[in-house]
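Chains: A, B, C and D, in written order; residue numbering restarts at 1 for each.
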Amino acid sequence: MPLRYGKEFLMIPGPTNVPEEVLRAMHRPAIDIYEGPLLETTDACLSGLKQLFRTEGKTYIYAANGHGAWDAALTNTLNRGDKILALHSGLFAAGWGEASKLLDLSVEVLPGTWRAAVDPDKLEARLKEDSGHEIKAILVVQVDTASGVWNDIQALRKAIDAAQHPALFMVDTIASLGCIPFEMDEWGIDVALTGSQKGLMSPPGLSFVAAGPKADKAHETANLRTNYFDWTFRQGSVHYQKYCGTPPEHLLFGFRKALDLVFDEGLEQVWNRHTLLADATRAAVCQWAKGGVLEFNIEDPRHRSDSVTVVRLKDTDPEPLRDFTKEVCGVTIGGTIGELSNEGIRIAHMGHVNAVMTLGTLSAIELGLAKLDIPHEKGGVQAAIDTLAGAL
Amino acid sequence: MPLRYGKEFLMIPGPTNVPEEVLRAMHRPAIDIYEGPLLETTDACLSGLKQLFRTEGKTYIYAANGHGAWDAALTNTLNRGDKILALHSGLFAAGWGEASKLLDLSVEVLPGTWRAAVDPDKLEARLKEDSGHEIKAILVVQVDTASGVWNDIQALRKAIDAAQHPALFMVDTIASLGCIPFEMDEWGIDVALTGSQKGLMSPPGLSFVAAGPKADKAHETANLRTNYFDWTFRQGSVHYQKYCGTPPEHLLFGFRKALDLVFDEGLEQVWNRHTLLADATRAAVCQWAKGGVLEFNIEDPRHRSDSVTVVRLKDTDPEPLRDFTKEVCGVTIGGTIGELSNEGIRIAHMGHVNAVMTLGTLSAIELGLAKLDIPHEKGGVQAAIDTLAGAL
Amino acid sequence: MPLRYGKEFLMIPGPTNVPEEVLRAMHRPAIDIYEGPLLETTDACLSGLKQLFRTEGKTYIYAANGHGAWDAALTNTLNRGDKILALHSGLFAAGWGEASKLLDLSVEVLPGTWRAAVDPDKLEARLKEDSGHEIKAILVVQVDTASGVWNDIQALRKAIDAAQHPALFMVDTIASLGCIPFEMDEWGIDVALTGSQKGLMSPPGLSFVAAGPKADKAHETANLRTNYFDWTFRQGSVHYQKYCGTPPEHLLFGFRKALDLVFDEGLEQVWNRHTLLADATRAAVCQWAKGGVLEFNIEDPRHRSDSVTVVRLKDTDPEPLRDFTKEVCGVTIGGTIGELSNEGIRIAHMGHVNAVMTLGTLSAIELGLAKLDIPHEKGGVQAAIDTLAGAL
Amino acid sequence: MPLRYGKEFLMIPGPTNVPEEVLRAMHRPAIDIYEGPLLETTDACLSGLKQLFRTEGKTYIYAANGHGAWDAALTNTLNRGDKILALHSGLFAAGWGEASKLLDLSVEVLPGTWRAAVDPDKLEARLKEDSGHEIKAILVVQVDTASGVWNDIQALRKAIDAAQHPALFMVDTIASLGCIPFEMDEWGIDVALTGSQKGLMSPPGLSFVAAGPKADKAHETANLRTNYFDWTFRQGSVHYQKYCGTPPEHLLFGFRKALDLVFDEGLEQVWNRHTLLADATRAAVCQWAKGGVLEFNIEDPRHRSDSVTVVRLKDTDPEPLRDFTKEVCGVTIGGTIGELSNEGIRIAHMGHVNAVMTLGTLSAIELGLAKLDIPHEKGGVQAAIDTLAGAL
């Protein structure tokens, strides 16, 4: 008995729901790429990115996904044979490191687990060992969508400083920018990157890199540079060069509108909204968890991300639950991936999400738990409502 | 602290949420009106309407809203000075009657209340009194969006038959077609009408009339006929005549897609979905009502509509609650109108609505009740979830 | 060998090309009809209509096509049995008159032809005969899309004044408003009406009526009034009343954007653009006409409309030419209708039309004439180019 | 006196006019990237690309523009220090070579001019000199949008064969695929690449590479491979890998619809359409050229591209002409770039273009020439019409 016939909801950790305004902005003919309104669009996007990253550094727009931005960060700043240190806390930092092996980099992974944030003390210890400063870059994600962890970037920066280590500090904010606080300059980050399709509410296909002065300096001598991702070429005076070729116009029209939406709401307000909806989600999961089957993947509550909540289901196949919410209720929630594959669900509260969407999604999950006889303590949605009532 | 930044929901009893597919179908250039694909579109719409009304009668499409369809029903079948009987059960049947005064008809309203369905016995009694058969038409709504009542059209037909009265039986299904069962031919209805913007999930601007053989017969001698609404002209062989002028193409493109959606889901399944979501809504309201402030407008549970639930708030201004769900949560619920103006809220579960939307809306209302200290028994959403879990 | 695969052009005299901005404005969810932004939209549309009609009178928006507006004009101002005079100059004024017979009006048609404008002298003569002032309303179209005629409304007004006749003067501007000058108040017009889908560049489904003080006065006692079209009800204070029911939201979103486009370009500039493109079209037709087959339907050059050019093809079936331009070239031109049915073609230069579209259309026609061996003097497009080069 | 208010035309050599159907296909919410309909979309795009390239080889889709595809072609098949030979015939092959310098390749440019195609004999001679087979890849464009040249890829292949040279033959078809014949397998091409935004009628942001068996073999040992562009990873079994990360969903929805349009029209028919519209354009330019100012950039008529015509204006600033067609007539034509910068205009007849668009564009240019007193022989549009009339 399907009840899904209505708006379909995509509550996965990316791509996320695209606002109607963004889709509408993209529904237009192509325009000239050498002159006219596209130039102003580019300027607005580049400066909007500075506001998002909170940086005075340079920003770049790539027709590419987040993996393209990973390559951009590394190839623009490093040299063949350089060693890099990837800070493990789930799938993505390690994945970023893995990806760089093809680039002729030597990758070391700082050991970590899928259930905890990166430990700043461990980082500091490892860097102190590296007295010869062989490590040229440190790679971390602010939020790992696979594990649901939130890493404390400020604390990691302090660890690097404590070790007096000169490595470039590179942060992947794909699953966090436009969701939770990020302060590139204040926190001393050298390269930050993100994608269009998560907190930034736009279709996938664009990624963005911000580079601070230390990264700029490294760029001057980097020999891994490639034509497509190269920063120098993209700083050329011709508009066309800013994209190393034809600009992805429609995606830019959409992204520019998404930036407007973020700034119209107010970036701090966006962060607050994400915190509240994450709190509501966690309250529901806490209640359900009393039944002994559901549990948070991230053990330390302080490190659970405000953009996605990853929940394990002990000895229980999560697919029937995901099928139920999708086919019967009309909401797609995320499956777990990587090491957690088929171990649980991922509930996104990321981007263009409001109280009705989150509460409706939690209701669908609770309905599914009941219908499928998955042991849980009832009252999860009630707990979410109570949490919001207390916080608003 | 607004949490409304996400998809906005319109849970009012019309216009309702328009599916993306319908909006997309409308986003196209105008086309020729004398030949080509528009002709096939018209045929598909006219025959789709027969399937919706469940009739072998003739169907008509008007560029007009539901009030236009009211005029169409009356002017095509009646004569100056005719008496009509409007069956009161809220705002709309009486409104229809009121509207017809300008047409030089004599309108009698069968007394009723805003809190109950039309009583078939009363109708039978009144018709029996009319031994001279002065009453030429009987007007009723299947669902009144203002009161939330569901009238039992079959029972009313039986009352007419019991009185052996020849009046035309005209049913307004604006707030019910595409939501709940309606059987024009099986139930013996002479004229049925509806609009595009409620159960039929399309933008407002189109209305539809179906006429059975008795109505056709009456049409032959009706002297209230007007050019724009006239059935005879609209049966002409030229495509243009079917709309008495330029067809409202874009609305037709959208409506045709909406018909596809209804039939793809299956009309019976659409009805079942509405029943289940209405049950969930009523379960929540029942729970909240224990707090002594909320109560159903329609007293007899058998006559509460499956397309909209009207709730009174005793001694409580409903506007802060509606503002809260809209501004803080992102869902617009209906205010009460007519005699009930400012007395409560109207929760629609009509058209393009799924479990997530209904449960999310109920959650937003429960959050609002809590936040605004409106006395209610907690657990409404839980009751809705339990109801669905039991029924699915 | 079809070359039509590109943007399709609709160069028929309505519906016309809908600008992308208008379609985009319509691509959005439904919104509340009792409060919020829709109220402002209505105000903007009603006052924009005043600017278009150039009147201080009242304006009304109908969910209806132009034939609905015909009914609205008549039923709001006349009484049963009234005599009206329709000024023949093609299809539409006579059609308007014909349509009103169902309304219990007595219709007289002032004789005219399909090839000439209404003669003011004849009108004056007929009105002078009507010493009892039995004629209550005079109906005329400013441009007849079927014949291509332009009637001189000012001259006709003078004729009425010369006869000192008190009849209401009603002008159908469906095929002219937003294309050529119209001055409702300055020219002394009592009722003017139009539709959304021609000069106003919007999807069909809306029509508009403007009423001056004399019409308002007549309205007070008019007994033909009907619920749906009634002006009094539509002047009510509730927003909903302005549309006698649910407003056709999406059409309003689109029309409002179309108004913006007209006023951004500038109404006088819009008129000039239509004149120039009509001049170009006529220059081409003049050239082709030297071949002895093509000729203008309207014999007096001063009365050829600036919104549509109607061309006869002597002893030549026009359908192969229309098929050619559509199937091979990608542009749909109009067929002739009514008395001229299958006698020629209609080339629209109406609404959202620029030089490329008109010159491309003329090129396609000239190509079709050549390919189909329809006798014509070559150089029509060249003449159009020369005309524009001289005028710009 | 601007007459541009109508559909705006973009007749530049990319990005090109995007069909309404393609824009509509993109106007939808994001969907899941791990399962569901996106998988089928990818399969359809990859196999559609094989049909376009006419190959049994492997195809790859990149979220990147054409310059990204350049990098993809080179990095997947070559090694550091390899020598490549770029065949000069305008801007792009040389540009491709230039771009590869950052990749640590040694680039040699086979001398050529901006006014002629690559000479197969010269290629053969150069390859014969390379007895040690140091040249590992030969780079050429089929059409150069900057010069307007069409290179004879088959003849160049024969030259390579005649020299018995084993270098990989790589062809950039960005400005030609979906416009003119291309036979990857039959002609013996090892790597072909293109972009979404020209003949393929889609928004920019996607590029495509096809690789034959020899390229696959080279890939196995290529040490220039990078993570983002790597073919091996993209052949992984997980859908996500096919895009090395999040797929650019909306661009894929659009591109898939564009493929449908191409195959519905028929690929051969698409080619014929381009030839005819190019012939018409060249006929007009020939006529204008008699005035002594306009001339074709490519001197040999056999090598003028069927997708874009590049025209020089002797001693005449072309910008007023481009401004005129855009601001007064409503069509944007291309400016010249590179060595030809400000020397002339580029008239595209590429992608979603029909007879009305091309003839309208030519008319606007002829009007501009007349209005701006740029010497030219009148009758260009007439010549275009005559050409089409003869050919259809």
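As a convention for this text, a contact is a pair of C-beta atoms (placed from the backbone, for glycine too) under 8 Å apart; a residue touches a chain by one contact, two chains touch by 3 or more.
Please read these numbers as outputs of a predicted model, since none were measured by experiment.
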Dup interface of A-C (contact pairs over half shared, numbering-based), picked from B-C, A-B or B-D, is B-D
Relative to chain D, largest Cα-centroid distance belongs to chain B
Chain-centre distance (mean CA atoms) for chain C and chain D, in whole Å, is 45
So, in whole Å, the Cα centroid of chain B is separated from that of chain D by 55
For the pair chain A and chain D, the C-alpha centroid-to-centroid distance in angstrom is 35
Where chain D touches two or more other chains simultaneously, the residues are 17, 20, 24, 27-29
Chain B residues touching chain D in their complex are 20, 24, 27-29
Interface with chain C, chain D side, in the complex: residues 1-7, 9, 17, 19-20, 27, 261, 265, 269-270, 272-273, 276-277, 328-331, 352-364, 366-367, 370-371, 378-379, 381-382, 384-386, 388-389, 391-392
In the complex, chain B touches chain C at residues 8, 10, 12, 14-18, 23-24, 26-34, 62-68, 70-71, 75, 99-100, 102-104, 195, 197, 203-205, 223, 225-228, 230, 243-251, 332, 335, 337
